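Letters A, B, C, D and E mark the chains in the order given here, with residues in each chain numbered from 1 onward.
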Amino acid sequence: MALALEALDISKRFGARWALSRLSFTLEAGRSLLLTGHNGSGKTTLLRLIATASFPTAGVLKVMGYHSQDEREALRPLVGLVSHASFHYEDLSAAQNLTLTAKFLGVEQPASVVTGLLDRMGLVARADSPVRQFSAGMRKRLAIARLLMRAPKVALLDEPFGELDPAGIAQMEGLIQELQRQGTSVVLATHLVEQGQRLTHERLHLEGGRKVTPV
Amino acid sequence: MTPILPLVVLALVVAAIVGHVAVPAVRPWAWKAVGALGAAMLVSLWYFGLYWAPPEQFMSDVGRILYVHVPHVWMALLAFTLNVGCAVAYLMKKSWVTDALAESAAEVGVYFGAVGVMMGSIWARPTWGVWWDWDPRLISTTVMLLAYVGYLALRSFTEDPERRATWSAAAAILSYVSLPIVWFSVRWWNSLHQVQSNPSTVDKPMVAVLRWGAVTMLCFLFVFIVKRYEIARSRQTAAMELPPLEAPRAEVA
Amino acid sequence: MKRPSLLGAAWLVLKKDWQIEWRTRARLTAIIFFSLATLLLFSFAMGPDIVTLRAHAPGYLWLGLLFASVLSLGESFRVEAENQALTGLVLTPVEPRAIFIGKVLGNASLLFVLSLVLLPVAVALYDVDLGRDPLSLVLVLFLGCVGISAPGTVYSAISANARARDVMLPLLLFPVLVPLLLAAVSATKFTLQPDPQEQLGSWLKLLTAFDLIYLSVGFLLFPKVAEED
Amino acid sequence: MKRPSLLGAAWLVLKKDWQIEWRTRARLTAIIFFSLATLLLFSFAMGPDIVTLRAHAPGYLWLGLLFASVLSLGESFRVEAENQALTGLVLTPVEPRAIFIGKVLGNASLLFVLSLVLLPVAVALYDVDLGRDPLSLVLVLFLGCVGISAPGTVYSAISANARARDVMLPLLLFPVLVPLLLAAVSATKFTLQPDPQEQLGSWLKLLTAFDLIYLSVGFLLFPKVAEED
Amino acid sequence: MALALEALDISKRFGARWALSRLSFTLEAGRSLLLTGHNGSGKTTLLRLIATASFPTAGVLKVMGYHSQDEREALRPLVGLVSHASFHYEDLSAAQNLTLTAKFLGVEQPASVVTGLLDRMGLVARADSPVRQFSAGMRKRLAIARLLMRAPKVALLDEPFGELDPAGIAQMEGLIQELQRQGTSVVLATHLVEQGQRLTHERLHLEGGRKVTPV
């Protein structure tokens, strides 16, 4: 079967410190991965590499068969990332932020798609407020809406439950399962291990940027 | 001066530096040999420039500073050309070698340029009567140096090596645009400063001494860049090695 | 789903910047008043001699534009640095070259508007005569603004992510812009004052050459600086 | 647990800014080279007439310092805006007035160092004569730098939180600074050129008055702008 | 008994929107409060009011008997806030950030106190890295270390478990209990309701900035 992720001895250095060290693993397309590890173990760094927001210092990373650096143009439409940095324009409203993405993606009828997504994430009442005035959870919801619009083949979720209220957490779980049903590989980094294990097939535990077997 | 000559010199310098970088066998001694040659030539340049060459037609003995002023500025231009070459090479194919070489070339270039400008300024005092004048050549040269100081500042303010390399390569290319302007400024804006002259209009001995000076400075340019390159590389390699495959085992009490 | 073309994407980037600008309405107002203050300061600091002032008016005008451009360029990438929005844009994905085109257009048009606003001010403060060759004057202003914006966009993308970004941008940008500025000042001078030797044409050519060089270099370099690697 | 006094806290604020400066080492280097470039630009844009240049040298010097101060002030509160660090400081609690004193000292000393560095440059570029009255010159520079920093600190605290802050600061600051700048330019002129009517003294008094006014107004206002309400 | 918190009809407006509407409640000193509510319901806003980072548009808020606006100088040493904004200087190291706070507080022997706290929060190995290079969880840990140094009478914790790894969450729970034993009133805003209820005595549920009885 095709591979969603294929990491061949990848390492990532910041300054003089290795955030990821010689990591090798594979993930079959359609299967989902749970990423765990202590604070600072390299989860966010790994997700950013997969999302092509940054590239390995050494080693080769292939996502959906594409080389993450050399073939990034072909790869980018296939991956979506929700991370600590929200990528929102603070001075645009929620609707404007989403519409912008929709137009870049060439979505047909952006207006109705955007309203639909905002409604789904419970932001419709605040659609025209600039993101600067949003609470932490509302920002997270907007980031999730953007991910849904992109309908990625590989969805990268970095602590998606953080800042969400209980209803939002339940909804997020539903969304993850829905994505999986559509054949999307979800890579989920979270500290809520049980919850994560319920939602995924495999697990990668990092310690100091290295793959270890969780105890 | 034929337009092809600077290119030939550039090719020679690049070949020499690449040879030095690529062939480990020559590394221990080649730079010493060139350095020694440079030192010897410097001593003789002293004699040739100060005694042997005839005094300059209009400036008499003051004009003799020409033999070091001009080579210095030439070397700076040469080093910046090397720098931009490395920058382009880096952007086409990432390599720590070209990054390090670009860094050393820029730094050495700023050194030669600064000394050259200082000499020009010293020269200007007796000939033009001022330390400095509002002359396109002087300003464009200084501004070019400032551009490269900015380049070096960008390098030192960026911690991440990859970012530093890419960003500074971009800055190198944009800064290089000022170089042809330095060269042509004397023509575009009518200036006090000497327009490039032609060997045929200048006294044979003067041309000879000038060229002697240029070769002397070339030796130094080579040595400086090569040594600075080694420093840059040694700073890099500390961080270049991959981490070990197995995690270092924790101390067991 | 049909993705927009390179120019289509550039247009979207430009429109987005206008939307932000419209919501805050800060940038244009602020840089207009800033350069007004700068022009006033020049005339204060240089004293009341109207002949000198008039002679140096092109210089003051371009310096005012230059300082304003630093602020405006910085602001144009500050909005991209918050929340790493530029990375978000690249991952959407938007071609970095489209971002470059959009940003250059946005910055250049803002500067150009500013320069047009400053013209009557220059008349009031420095008593210059705009009627001599207004078309060439506008052309010079336009070429100069494009020439400032092209390398400015590349450098502000760099310095938006660098430490001490407010200070890095002018440090990198000014030396690169000096030749362009000089050409712009000379050209402006010959549109405001008599031009017996018909030098304007060659300055215009020089300006155009600068613009083309900077635009193409920027176009090639921008993708490298917009992405981390 | 003995909390530091007002001055003790101000000193801690100052030291913290130096620590940050030391780690990035960016601000001082960058503003020095920036103002070098600015001084070069002025004379480049104004043309080669050495007599005019020398006459306007004080103006150029202060304009260079002014533009550098905008960058340096902006940077000084950019570090406070990240992560809302200024709010954190106020909640620690640190008296806002201590923050004001520390910041003014830091900004003024940085500017003062810069102005000293620029003096030899002015000699080289504009051929001015520093030997006439060096002590008064240094005094004028000092008073001018304090005078720029006091309102500058208040305004950059405001604009660090305002939208589009890069452009807001100079917009607010420049009009306020025009009188001070005029006084500083005139005073500088009379330390570099003959002063037959002995005007220097009164300009110095005016400068001191400005400083005192700005310092006390800033001291009273800063707590209002450092805290939300 | 003395009151730790006393809110008398407080409201907070941002622009034209009321983030908090006519809120009245009290909390006895030493008792702890759980703050729950949907995303955007006003939890962070309320905590910022209590911390004197911002002030009510209307109504009177008293903390430890002090008027939150008029007597803020006396109040500030008594409250500590850990919120979404971390208050760190990005270009100072973890140790420098803490030492700065220690000096402002007049702590004796700041060096050893700082090392102790960094050790406790598991940051000692990274004490000299600038905060700019920290991961999300490491920032949170540093913010908690700062709160501990301040030893407040009222500790305001805004989603303290977010971004922490399982070990960190367990430690945080221990810390909350320890603070309570020392007589500190903890105000805990979190979406993990069960966990929160285990740790606190009372609960305030917000909906659209109003106090409601949770269902």
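Assume contacts are C-beta pairs under 8 Å (C-beta built on N, C-alpha and C of every residue); 3 or more make two chains touch, one makes a residue touch a chain.
Fair warning: this is a prediction, and the values are worked out from it, not measured in the lab.
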Determine the set of chains touching subunit B that also touch subunit D. C
Average the CA atoms of each chain to get its centre, and name the chain whose centre is farthest from that of subunit D. A
Name the chain whose C-alpha centroid is farthest from the C-alpha centroid of subunit C. E
Can you check how far apart subunit C and subunit D are, centre to centre, with Cα atoms defining each centre and the answer in Å? 26
Please compute the C-alpha centroid of subunit C, do the same for subunit E, then give the distance between them in whole Å. 46
For subunit D versus subunit E, what separation do you get between their C-alpha means, in angstrom? 37
Two or more other chains in contact with one residue: find those residues in subunit B. 139, 143, 146, 150, 153, 157, 162
So which bits of subunit C are touching at least two other chains? 24, 163-164, 168, 171, 174-175, 178, 182, 228-229
In subunit E, what residues contact two or more other chains? 91
Kindly provide every pair of chains that touch. A-B, A-C, A-E, B-C, B-D, C-D, D-E
Which of the residues in subunit B end up touching subunit D in this complex? 121, 130-135, 139, 142-143, 146, 149-150, 153, 156-157
Subunit A contacts subunit B in the complex at 11, 13-16, 18, 21-22, 57-58, 207-210, 212
Residue positions on subunit A within touch of subunit C in the complex are 51-55, 69, 73, 76-77, 79, 81, 85-92, 96, 100-101, 103-108, 130, 150
In the complex, subunit E touches subunit A at residues 14-15, 17, 37-40, 44, 84, 122, 126, 133-138, 140-141, 159, 162-169, 191, 193
Which of the residues in subunit C end up touching subunit B in this complex? 151, 154-155, 158, 161-164, 168, 171-172, 174-176, 178-179, 182, 206, 213-214, 217-218, 221, 224-225, 228-229
